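You will see two complexes here that share chain A, one where it goes with chain B and one where it goes with chain C.
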Partner chain A sequence: MKHKHSNAAVNSSMIRRPIRRWFPLFMGPMVCAFIIGFVYPFCKGIYLSFCKFKVTSDAHFVGLENYRRAFQDASFVHSFWFTALFAVISLVLINVLAFAVAYALTQGIKGSNLYRTVFFMPNLIGGIVLGYIWSMIFDGILSRYGTSILLNTKLGFWGLIILMCWQQIGYMMIIYIAGLQAVPEDMLEAAKIDGASRWQTLWKVTIPNVMPSITICTFLSLTNGFKLFDQNLALTGGQPYTILSDGSSIKTTEMLALNILNTFYGQNANSRGTAQAKAVLFFILVATIGLLQLSANRKKEVQQ
Partner chain B sequence: MKKYLAMILALVMALSLVACGDKKDDSADNSDGDTASGRVYWLNFKPEADETLQKVAAMYTEKTGVPVTVVTAASGTYNETLTAEMDKSAPPTLFVVGNQAAVGTWGDYCYDLSGTAVANELNTDAYNLYDADGKLCSIGYCYECYGIIVNEDLLEKAGYTLGDITNFETLKAVAEDIHARASELGFDAFTSSSMSDDSSWRFTGHLANLEYYYESVDDPDAWKECPSSIKGTYMQNYKNLWDLYINNSAVNPADLAAGGFDAADEFGKEQAVFYQNGSWEWAKLTGTGDGQYGLDNLSMIPFYCGVAGEENAGLNCGTENCWAVNAKASEEDIQATLEFMNWMVTDPEVSRMLVDEFAAMPYKQAAESTNGFLADANDYTTNGNYIMPWVTNFQPNVDAYRAALVSAMNQYDADQSDANWELVKTAFVDGWATQYAAANG
Partner chain C sequence: MNKHSLSAEARRKTILSIVLGVICVIYVLPVLTVVINSFKLNTYVKTDTFALPNAESFAGWANFIKGLTFGNYPFLKSAGYSLFITIVSTALILLCTSMAAWYIARVDSKFCRMVYYLCVFSMVVPFQMVMFTLSKTADTLKLNTPWTIPIIYLGFGAGLAIFMFVGFVKSIPLEIEEAAAIDGCGPLRTYFSVVLPMLRPTMISVGILEIMWVWNDYLLPYLVLDRTKYLTIPIHIQYLKGSYGTVDLGATMALILLSIIPVIVFYLLCQKYIIKGVAAGAVKG
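For the complex of A and B:
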């Protein structure tokens, strides 16, 4: 009854007319900001990917030439596979660990709030700063063994994974904690009465109920993995390079976003357009993967 | 109450947007000040010179009424800043095109300076850059030299004089002896050769010059413009000096990749005798002000690297500081900029200020230099030694080329094997051809 009443109130013209009249004031600034800060640059970016240009106001249309160059670039292909591997491994590690931590911290341990705060804190530090801090930590240890994070691709890869886990686990943990706290008590109680073990309860009751959290967390960590830039730049900057026999080099720890930046500031007359084409491809890739993964996970969600 | 709160919030949002939109470029502001006589907008390349240039700009505006804006790009971001600024409605009228690579990128934006009053004031053509069609794209406004800086006081404490060092053999003997006795002497031979971005250019750029230079002496025709490939004939000489640097300093070579060392500070605090750098370090090392080290017995010696006849070598002299005028600016602005440039190199007072900042300017009426390292460079020249010009400025796709070289040298430093030196050679020699093709393809 109450529900119905409030609906009626919202629909009454007494309320709707002012809303309609004030709509531009409330929405206007946001719409403007969105257009200036996102829609316009995005459209211009797509247009520029078909152009040869040095400064964006002085571009010449060249058709698909930039895309051809992007696909022919061995470093782009390498950075794609490196990024994909990184995204998958970091996705798994971050979510498993974040869920484990969240699970542990919802068991009523003393000082849970303190732990939650501590785990969340790395997320408050910017990526560049984190990258430099961790490069000091890693090199402090590795120099004892006569090596450096800049000298070995494997070390660079796992260094990035450790850094990302350290930064992201706390954030995902908060989302999982919210999900775990929303699991209905009566369901857990029913499972207990039915004689389910803790393990069975976790798999059959808890996890299906936190599926929405898993969806959002996997989406975030997958796209974050693909979009990673600051940490990559600060921690390894693409080093070490493989020097091929023809003198060209592949930056073995360079991820897609960094590859795009490095391409953009190359000296070739076409480099800016090529980088722009790579950026458009990059957008399509991240958007597709994100949407596919969202729809796959959604199917597994249960209605409470 | 809630309604008011919401309205206030919306108002704040709207206002903040208006505030953002209101912020105008300084340069744009100036442009509507005095349109008749044009305007000057100098995008400065040297952060350390900013203070002086702001004063110079104010002086000119006061004298002539022409608005002069000097904007300084943050260290190491000139290319990015220039790209962004060129896009604005009031782009820089005066900017820096310092090497052949930059001519390739910005050549279309360079006004042909040949025959202009300021170009006629030049006392040498050595620091000018031309494009493939022979257009004078940019003219040097100051020049510099680099080599190995020596602390003569420490050298004496170790029992040597500058005269003992005349070629690679003698330099090596002195350096290795000092390194061996480092703990007893309290200082080492060389400062650290950090490979982080703030220092690696000393080796992938400056030190590499010896290789290119001697190669260009062998085949001057090939080096009139950027060659599409190089031979690497003098790689061994490059290696000679590099090995000497990294193995005769207080820092473990394997730690160089990670960087985080401050060679200027080590040298300033008298922890090492030798420090490879350039004339721009003069004020910092000899001055007595804040953050300066007050050393007084310094000299600069050439890159002795084991090439025959190097007893007659001089310092590496050249510049990456070349003025270009934006050809796409309005005619008024171009004329205003050219007049401003001419004033800077002919007015005695301003020329004094600029020379004190830049060390030396290659103009007929420019003030006398007070830089000790440049005086050393001149002494070598007057004694008949050969100058080693900055052939390094030809490096194709310079950022990518040097980055690959840094990576290869890091591998070598950690493990000084022949196989790893081959990688350095590949990056150095074959990398040139690859980057040349990438830049011009």
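For the complex of A and C:
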């Protein structure tokens, strides 16, 4: 055993040492691009969130001022609750429907492959294009009732939910199908012999066995909901607007990502510091969900 | 009794199949609506959205011709830039990250581990966090053209690719590379003729994910590219609504149709890989 171990060490150094000489070729391009495209902008972004600036060169330190302003910004708070509500509702709808479709498609019915192909298709269409397709459809329906998706916050909200369901159900369905196909056949057989009804089998055997897929899909749809941008921009663009008592206006269907973009590139260049602070808060929110997912996955692995 | 339950089972399956078939038809309706409306005169798109074009509202190819030529920016130019950026970015990401992943997995030094964890970390960072500073950096370094934006994509998109490649390389037994080294292969040759072929399945998965991301991406090219000179398809379609005054809905639908046809063809051709790649990316990410 000991011999084998030292042998492996010798051999792997046989690989390791020569590769090291090629560091610039193997690692160079990726590390340089990673610094330009991620590390530097990220660090600079954190720093700028504590600064007042119009362009990055005239930044001066103001401490937590930007964060205070972000929390006081009514449009930001509104967009947070709007986004959170959207994320939770879309999470429930997408997962229930995707699971139902995946369950139906794994029953060995005719045409399963064709159906799977169709359900997944909307995923490949980009968010901007999807937004315009649905904006035409909603306009076509709602104009008969003399209204528009741009005139009513509730319509905008449910419009976004419908769009999101249409796009995401196929994606989650694929993950659920993979999970359902991995449910051990003998467990299902045993349940059948023991006289369990179809419903009992679903709840007591199938669902516990696809829990890992459920965890993945739950977190995925939650993050997707919070990060939604393209569809929001193309379908409603934040409309309709409301004027608050203090004269400022809120875009009532504006979600977090769009709110941050509008704060950065809106008419008030002085609010860029605030925008960067909002972006950091947004990052913390999304990253927390991501970390929760990681730890949930870990726990599952330990149990198994 | 047994026969009876069998036929009940068969009937249940038939009903299920029909129900799903109906849902499927509903599912493709939005796309069909685009097709229908791309052949309709502009004024009829809003009033008769769901009617088939008739003698009165049929526009023939006029919408397509108008869509391809109107505005001051030809649509085909945007399509060309989109295609170029997608292909070059994906190729660059696949090559550079797979090489880096092999180095990270095999050398496994402190620096390597740091890069690896930074990459995993970058996967949970939303684009809004870096968009302002990234677009400024890209401007300063003159990376704001379609020819150089793949470098930005490589940097911002490296996370998932590194994560997936490192995971796969670690599952490859070291003995194969050792055998190559004993036979006198240097690292370059070991990588290109031994490791690279084994990476093929992961290459396809990562490639599919990157193609789907870059082709459909709106915000990154919108902020990074010099928009007075270069547009991509999503930016072009977004501009139709914004800057051309009154929107010609018929022409917009024609362009949307033109932009989703290649996507659907690509999907039908590589369906197996796409579904596998997406599942792999989701489960790992």
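Here is the rule we use: the second predicted complex is superposed on the first by the 245 of 304 C-alpha atoms of A that agree within 3 Å, B and C clash if a C-alpha of one lies under 4 Å from a C-alpha of the other, contacts with A are read in each partner's own complex, and residues count from 1 in each chain.
Throughout what follows, a contact is a pair of C-beta atoms (placed from the backbone, for glycine too) under 8 Å apart; a residue touches a chain by one contact, two chains touch by 3 or more.
For clarity, every value in this text was computed on a predicted model and none was experimentally measured.
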{"item": "Which superposed partner A:Val286 touches (first chain B, second chain C, both, neither)", "value": "second"}
{"item": "Which superposed partner A:Met136 touches (first chain B, second chain C, both, neither)", "value": "both"}
{"item": "Partner chain(s) touched by A:Tyr241 [first = chain B, second = chain C, both, neither]", "value": "first"}
{"item": "Partner chain(s) touched by A:Asn123 [first = chain B, second = chain C, both, neither]", "value": "second"}
{"item": "Contacts of A:Gly266 with chain B and chain C, given as first, second, both or neither", "value": "first"}
{"item": "Which of chain B and chain C A:Ala296 touches, first, second, both or neither", "value": "neither"}
{"item": "First, second, both or neither for A:Lys227, with chain B first and chain C second", "value": "second"}
{"item": "Chain touching more of chain A, residue-wise (chain B, chain C)", "value": "C"}
{"item": "Partner chain in contact with A:Leu64 - chain B first, chain C second, else both or neither", "value": "neither"}
{"item": "Chain B versus chain C as contact partner of A:Ala257, first or second or both or neither", "value": "second"}
{"item": "Overlap of chain C and chain B interfaces on chain A (superposed complexes)", "value": "25-26, 29-30, 33, 55-56, 136, 139, 143"}
{"item": "Partner chain A, residues of chain C touching it in the complex", "value": "13-14, 16-17, 19-21, 23-24, 27-28, 30-31, 33-34, 37, 45-47, 49-50, 96-97, 99-100, 102-104, 106-108, 115, 118-119, 122-126, 128-134, 136-138, 141, 143, 151-159, 162, 174, 177-178, 181-182, 186-188, 190-191, 212, 215-219, 233-234, 237-238, 241, 249, 252-253, 256, 259-260, 263-264, 266-268, 271, 274-275, 278-279, 282-283"}
{"item": "In the complex, chain B residues that touch chain A", "value": "6-7, 10, 13-14, 16-17, 79-80, 83, 86-87, 101, 104-106, 108, 252, 254-255, 257-258, 260, 396-400, 403-404, 406-408, 410-411, 414-415, 423, 426-427, 429-435, 438-441"}
{"item": "Of chain A, residues touching chain C in the complex", "value": "8, 11-12, 14-16, 18-23, 25-27, 29-31, 33-42, 44-45, 48, 55-56, 101, 104-105, 107-111, 114-129, 132-134, 136-137, 139-141, 143, 166, 171, 174-175, 178, 216, 220, 227, 229-230, 233-234, 256-257, 260-261, 264, 272, 275-276, 279-280, 282-283, 286-287, 290-291"}
{"item": "Residues on chain A engaged by chain B in the complex (per definition of touch)", "value": "25-26, 28-30, 32-33, 54-57, 135-136, 139, 143, 146-151, 238-241, 243-249, 251, 262, 265-269"}
